[in-house]
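Here chain A shows up in two complexes: once beside chain B, once beside chain C.
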Partner chain A sequence: MRSVVLLSGGVDPVSGRPAPPRGEIAAIGLALSAGGAVGGLHVGLPAAALGQAAGHGLGQIACLRGVGDPVAILAAHLSAAPPDLVLAGSRACGGEDSGMLPYLLAERLGWPLLAGVVAIGTVADGWLPVTIGLPLGARQDARIRLPCILCAHDAAPAPPFVFDRARRVAMHTVAVADAETIAPLEGTERPYRARPRLIGSAAPAGGGRVLDNPDPAEAARVLLDHLRALGMLGA
Partner chain B sequence: MTRRPRRDPRAERARCLVPGGARPRLARAGWDGMAIAPDAGPREPVMIRVETPVFWVAAVVEAPNGRLDRWARQTLGAARALAGADGGVVALLAGRDAGEAVGEAGADRVVWLDTAIGPDAMPGVMLAALVPFAPRHVVLAETPAGGDWARRLAARSGWPIQTGIEMLSARQAIRPVGAAWRERAAMPARVLTLPIDRVAPYGGMRREGRACPPPDVPAMEARMEVGPVIAAQAAGIPLAEAPFVVAAGQGVRDFESFHTLSHLMGATEGASRVVCDAGLMPRAAQVGASGTVLDARCYLAFGIAGAPQHLQGLGKVEHVVAVNTDLHAAIVARAGLSIIADAQAVMPALIALLRGGG
Partner chain C sequence: MRALIAGEIGGIALAAVVGWLVLLARWLKGRPAAGWLAGLRHVPRRYLVDVHHVVARRPAAARMHAMAAGGVLGGSALALLAVLLGAGGIVWALAALVFGMGGIGALLVWRRRVPKMPPALSGGAFLWLPAALAAWCVGNGLAALFMAIGAPALPVILSVVLGGLGGVALLRLVALGPMRHALAGVAWLAGHTRPGRFSGKGRDTGLRPLDLAAPRLGVLVPADFSGPELAAFDACIQCGRCEEACPAFAAGQRLNPKALIQTLSGAMRAVPPPYAGRPAPSVPMLQGKGGMGQPIVGNVLHRDMLWACTTCRACVEECPMLIEHVDAVVALRRGQTLMLGATRDGAAQALRASRERAEPGGRDLAARGDMIAALDVPVLPPGGETDILLWLGEGAFDARYGRTLRALVTLMRRAGLRFATLGADEVDCGDLARRLGDEATFQSLAAEAISALKARCFTKIVTADPHVLHVLRNEYPALGGRWEVQHHTGLLDELVRDGRLRLERREGARVAYHDPCYLGRYNGEIDAPRRLLDAACTDRVEMARHGMRAMCCGGGGGSPVSDVDAVTRIPDLRMEQARAAGASLVAVACPGCTAMLEGVTGPRPEIRDVAELVLAAVVA
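For the complex of A and B:
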C-alpha cells in the first residue's frame, strides 16, 4: 500500500504562525495506520509548516514546482505514478480555505472520494473499509474502491509530534510542467471583521409552559410527550 | 368653538382592534392589521403561489427524520432572500417528507431526493433534479453531509462555489479566507454553503411547496458503499458532544432512580457543581462555567436552581426542561417546559411510564 498525504502549508488560526491544519495531521495519522510507504506532497516551494507536518510522521515530502492550477499539477503528478491512497485534510488554513481541492482532484482523476474519515481498516479485494465521523459521536461504516481520495475528519486521532522527525525530513523539489492558469478570484479581500451570529434563535425567549404542582403520573406523561415531540426519545 | 377636529376615542379604538382572538388586542400606529396575527379563532389559510418566476434559486435541505431543523430553515431563508420578489425557491429535500413545513419555511417547489443512493451518486441526481429549474444559485448548509454534497456538486458541474458564507444578501456574499484573518466580499456564486445562525429563516406568509416528480437515478458503477448512521452509545459520548443530557442538582436525593432514568432515556448524565462537590457525581459530569459547556439539543434538569454559572453551560442548548419545587427558580425562566414538583416523585413516575412502554 502506498499513500500520499496532500499538504497545504498554512498558518495557525490563532497565532497566525506557520502550522499544518488540524485535518492534515489527522490525515497523516490515517496514512500511517494504513501501513506501507507514506509520503507528503505539496504544490509550491518548501514552506515552514511542511516540516512541522513531517514531525507527525512523514519521512519525505515532495514539493512540486510549477506554475498554474495546483489541481492540474497534482493530477498530472499522481496519474504518472498512481498511489493506492491519497489523503487530505478537510480544508486548508491560510489560503482560500474552501476545501475544494480534493473534490476537484477526485473529479479530474475519476477516483472516488469520501470525507470526514476517522479510521481506516485493511483492504479486502480492492475495497478499503473506512469509518466516517458525524456530529454527536455518531459513526458511519463505509467501504471504497482503491485508488481513492479520503479527507480526514478534524477530530481523527492525531499522531504525536516528534521534533527530530521534523528536523530530518527529506524535502525534495520536483520541477513539473506548467499547467493551465486559473481564473483570478472575484471580489475584494480585506481584513476579517467578526460578525455576530443571529441571537435568540437557539433559546426561546421568555419562559415556556409551566405545570404547577401536577400529579406525578400526569407530570411524567406531559414530560415524555414533550421529549417525544422534540424527537429526543427513540419511539 | 375651536377649529380643532373632535377626536372620537371609541372609533379610534375600533380601528385599532385586531380581529379574532379571545381577548381584544389593539394595534396602534405603524401596524397594519396583517402584521399581527390574532391569537386564535378561524383564519383563512393564505398562501403565496408562484407559477412562472423570472428565475429560480435552489436550496438543499436535510430532513433525516422528517423535521426541518433551524439550520435547514435558515438555508431556505437564504434562498428566499436571494430569490427576492421575482424569483422562486425550489427545495431539494434530502431525507423524509417534511410535509407542509417546507412551504412554511419558504419553498415554492419541493423535489424529494433519496439519500440512500449515497454521496457518490448525489451530484448527478442533484444536477438532474435542477435541470428544469436552471437555478441562479444553489444554497446548502455547511453540515457534514451538506458541505460534502456542495463540493461534489461544484466539482462535477464546474460551477463556482463560495463556502462558509457569514453574510449574505442578493448582491454580496462575505466569507472568511486566510485562516479567518481576512475576508472576501464578492457577488454570490452559483453554489453557496452556509454555517449555522448566519442568515435568518423565512418569516413571511406560507408558500405553496408544491411537490415535483423526483429525478431518475442514473445507474453508475458502485465505487463506494456507505452504511447506516450508527448513533453513539449515550454513556460513551463526551458530555460536550452529547445530544441529550439529563442533569441532577441539589434537589435530587434519589440517585438510584436518576441513573435508571438516564439509562432508560438513553441520555448522558450531567450535574450541577454542588452535586459534584459533594462527590455524588463525577467531576466530569459538571455542567457550567467551570465545568462543561454543552452542545446538546435537549437538557432535562432535576432539582437545579439555574445559577448564572450553571446556565452559562447551557449556551447553545435549544430545549430546556426543568423539574423543580421552586416556581421562581432561574431555570424555570430558561425552560420550554417546567414541572413544579418533587423530583423524587417525578423520576419514579417517569421510570414506570418508560418501563410500561407508554
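For the complex of A and C:
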C-alpha cells in the first residue's frame, strides 16, 4: 500500500501564520492507519506549513515545481507512478480555497472519490472499507475500489505533532512540466457580514419529539429509538 | 590492637570509597558534565553552609544529623588519626567522646520514627539505620575508650567486632538507600547543575536552552540525564519535605516529588531497592525493568506524574540535598513532547495554538490590547522610542485581569510615566510552551519576541505577569535578549518610595498577600508587594505559608491545560489557608493566581491585585 497525502501551503485563519489545515492533519492520520509507505505531495515551493504537517507523521514530502494549473500538474505526476491511495483535507486554507481540487483531480484521473472519511480499514480484493462521518455524529460504512481519492473529515482523529519528526522530514523539489495556466478568479472582496441565524421552524428538521414530564422508562425508550433512527446505536 | 582498629575502620572506609566509585561509574553513563569532579573542592562549603541552611529550618532534624554524621565521620577520623600518629590516650579519649556523640545521634535517628513514624518519612530499610549507626559508634567508641585507658585485649576485640558489624550494616544501607545520600550527595554537590544557587544572589531558576539539533531532545532513558543529575536522584534521603510542600500532592493529584525522585533513582537499576515511602496518590505501580538505556515514562514512571507538576519550585526550596526536581520534570517533559508528541490533549491544543497563532489561547494578537483600549495606551512602532515598554502578557485577554491592567495603566499615568505597548507585535513569551517541554516552540516565540523588542528603544520592560517577568529576565538572556525587566509591584513600590504616588491607608478588609511562585521563589521579590500593601491597607496578615515558602495557586507549569486528575483543587486549599489566616481579602500579583483563586466557588475572601488596592489608596 502506497499512500500520498496532498498538502497545501496552509495559513492559519486567525494569525495568518503558516499552519497545516486540520483536515490535512487528519488525512495524514488516515494514511498512517492504512500502513505502508506514506509521502506528502505539494505543488509549489517548500512552505513552512509543510514542515509542521510533516511533524504529524510524514517522513518525506515532494514539492512539484511547475507553473500552471495545480490539478493538471498533480494529475500528470500521479498518473506517471500511481499510488494506491491519495488523501486530502476537505479544503486548503489561505489560497482560493474552493475545496474543489480533489474532485477535479478525481475527474481528471478517472478515480473514485469519497469525502468526509473518519476511518479506513484493511484492503480486501482491491476494495478499501471506509467509515464516513455524517452530521450529528452518525457514521456510515462504505467501500471504495483502489486506487482512489479520500477526503478526510475535519474531525477525524489527528496524529500528535512531534517536533523530532518535523525536523527530520526529507523535503525534495521535483521539477515538472508546466501546465496550462488558469485565469485568476474575478470578483470583488467585501467584508464578512454575519448572516441572520436560522430560528424556529426554519432550522433543519432533526426529527425527535418534545416530551413533557415523561415517565423515565418512556423517555429512555424514545431516546433510544431516536438514536437508532440516527444510526448512532447500530440496528 | 592498633592494627586491628585501623584495619576495621580503614577497611570500612575503603569499602565506602569503592562503593562511591561503583556509583560514580553508573552516573558517568549519563551525559558528560564539564568540570564535575573539579567541583569536589566546593563540597565542604556547599555542605556546611547551603545544605545546613535548609536542614536547620527544622532544628531537631539538624541536631540529629549533626550528631549522627559528625559522630560517625569525626570519630572515625580521630580514631584513624590516633592509630596513624601513634598518639596517646588524649586522642583516643577524644575519639571515644565524638563516637559517643554519634551514639546519641543514633538514638535521635531512632526517636524520629519511634513511637510514631511521620507519614512523610520512609520506613523499610530506614528502620535499620539507627541500629547500624549505634553499632558503629558504640563499638568503635568503646574500643577507643578501652585504648585510652589501656584495657586488656578481649574487650577491645569485642568492641571492634561490634563496630565492624555496624560498619558492614552501614555499607549494606548504602546499597539499600538510607546511607546512599552520604556518598551520592558528595558527587551531586560537586557537580550541582545550578552553581548560581551557591554564589552571589543565591538564586538560579531559569531553564537552560536545549540544542534543538541534538539527536536526542530531553530525557527518555536515565542515560539522557547528566551525570550529576543522576547523582542527585541517588542523593535523595527521602525526608519527605518536598511532598509536604507539593501543592499537587496535597490536592490528591498524581504526583509526589519524593516518589518521583526515588523512581528516577530506581530507574537506573534493573533491581532497585524497594521504596517504603508514600507513593503518588492514585498512581498504579508500574512493574517495568529499569536500566540506563530503558525508557522511563510508561515503564517505571507513570506518565501522569509528569503533567501534574505546576513547576512552583516549592519542593526545590525545601530540599536539604538541593535536588532540582523541576529540572527533572521539565527534562522528562521535553523528551515526551519533542521526541514522542506524548502530551495531554489540552496541552497539545495550547501548544498548537502557540505554534500557529503565537498565543496559547489561540486568540488574535491584535485583540490583546482590547481591555485597555479605552485608556489609549500608545502602541510603539518598530524604531519607536519610549521610557517604559509595558508587556501585557496572556492575562490581558481575560476581562478580570483587564481590571488589573487598567488600574496599573491609570497609576502609571498618574505618576507621569511615559510608556507604550507592542500592540499586535507582542507574541506570547513562550512560558507555557517551555514548561510543557516544547522547547522548539519556546525558542521560536522567544526569537520573535526578542526581535520585536530589539527593533524598539526603551529603558526597561514592565509587566504585571510574573511568568513573563521570569522568562524575559532570566531565560531570554541565554537567547540573546537582555533588558531590565520589572514586575509592576516593583515599579509601584519605586513610585511610592520616590513620592510620585502618595497613598493613604484604607481601612476595612483584612488583607493577606498570596506570593506568586514566579515572583517569590523564582525571583526573590517578596518585599515590594508587602511594602505596597502596608502603605495601602491598615490591616495585613500573613498566611502560614508565605514568602519564599508560599503555596502555589495551581496555575503554573501548564498544569491547568493538562487535564490533571485530582481529589480537590489546589486553589481551594490555598483559599482555605487564607481563611485560616483570618483574611477577608487576598491580594494577588499574577494573572494566573487571579484566575485560579477567583475560580474558588462559594463564599470566600475577595481577590484584588496589588495594583487595584494601590489605586484605591492613591491620593495624589
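By definition in this document, the second predicted complex is superposed on the first by the 188 of 235 C-alpha atoms of A that agree within 3 Å, B and C clash if a C-alpha of one lies under 4 Å from a C-alpha of the other, contacts with A are read in each partner's own complex, and residues count from 1 in each chain.
Keep in mind that, in the parts below, a contact is a pair of C-beta atoms (placed from the backbone, for glycine too) under 8 Å apart; a residue touches a chain by one contact, two chains touch by 3 or more.
What you see is a predicted model; the values in this text were computed from it and never measured.
In the superposition on chain A, A:R143 makes contact with chain B only, not with chain C.
In the superposition on chain A, A:Q52 makes contact with chain C only, not with chain B.
In the superposition on chain A, A:A217 makes contact with chain B only, while chain C stays out of contact range. In the superposition on chain A, A:G99 contacts chain B only, with no contact to chain C.
Of the two partner chains, chain B and chain C are each touched by A:D12. When chain B and chain C are set side by side, the one touching more residues of chain A is B.
Once the two complexes are laid over each other on the shared chain, residue contacts for A:P184 go to neither chain B nor chain C. Residues common to the contacts of chain A with chain B and with chain C across the two structures: 12. The touching residues of chain C, when paired with chain A in their complex, are 212, 217, 337-343, 348, 351-352, 355-359, 362-365, 438, 440. Contact residues of chain B toward chain A in the complex are 65, 67, 70, 74, 119-120, 143-144, 147-148, 151-152, 154-156, 160-164, 166-167, 174, 176-187, 189, 196-201, 223-232, 236-238, 241-244, 265-267, 295, 297-298, 300, 315-321, 323, 327, 332-342, 345-346, 348-350, 352-354, 358.
The part of chain A that touches chain C in the complex is made up of residues 12, 14-15, 17-19, 52, 55, 159-167. The residues of chain A lying in touch with chain B in their complex are 10-13, 16, 91, 93-100, 103-104, 106-107, 112-116, 132, 134-145, 148, 185-193, 195, 197-198, 201-204, 206-214, 216-217, 219-224, 226-227, 230-234.
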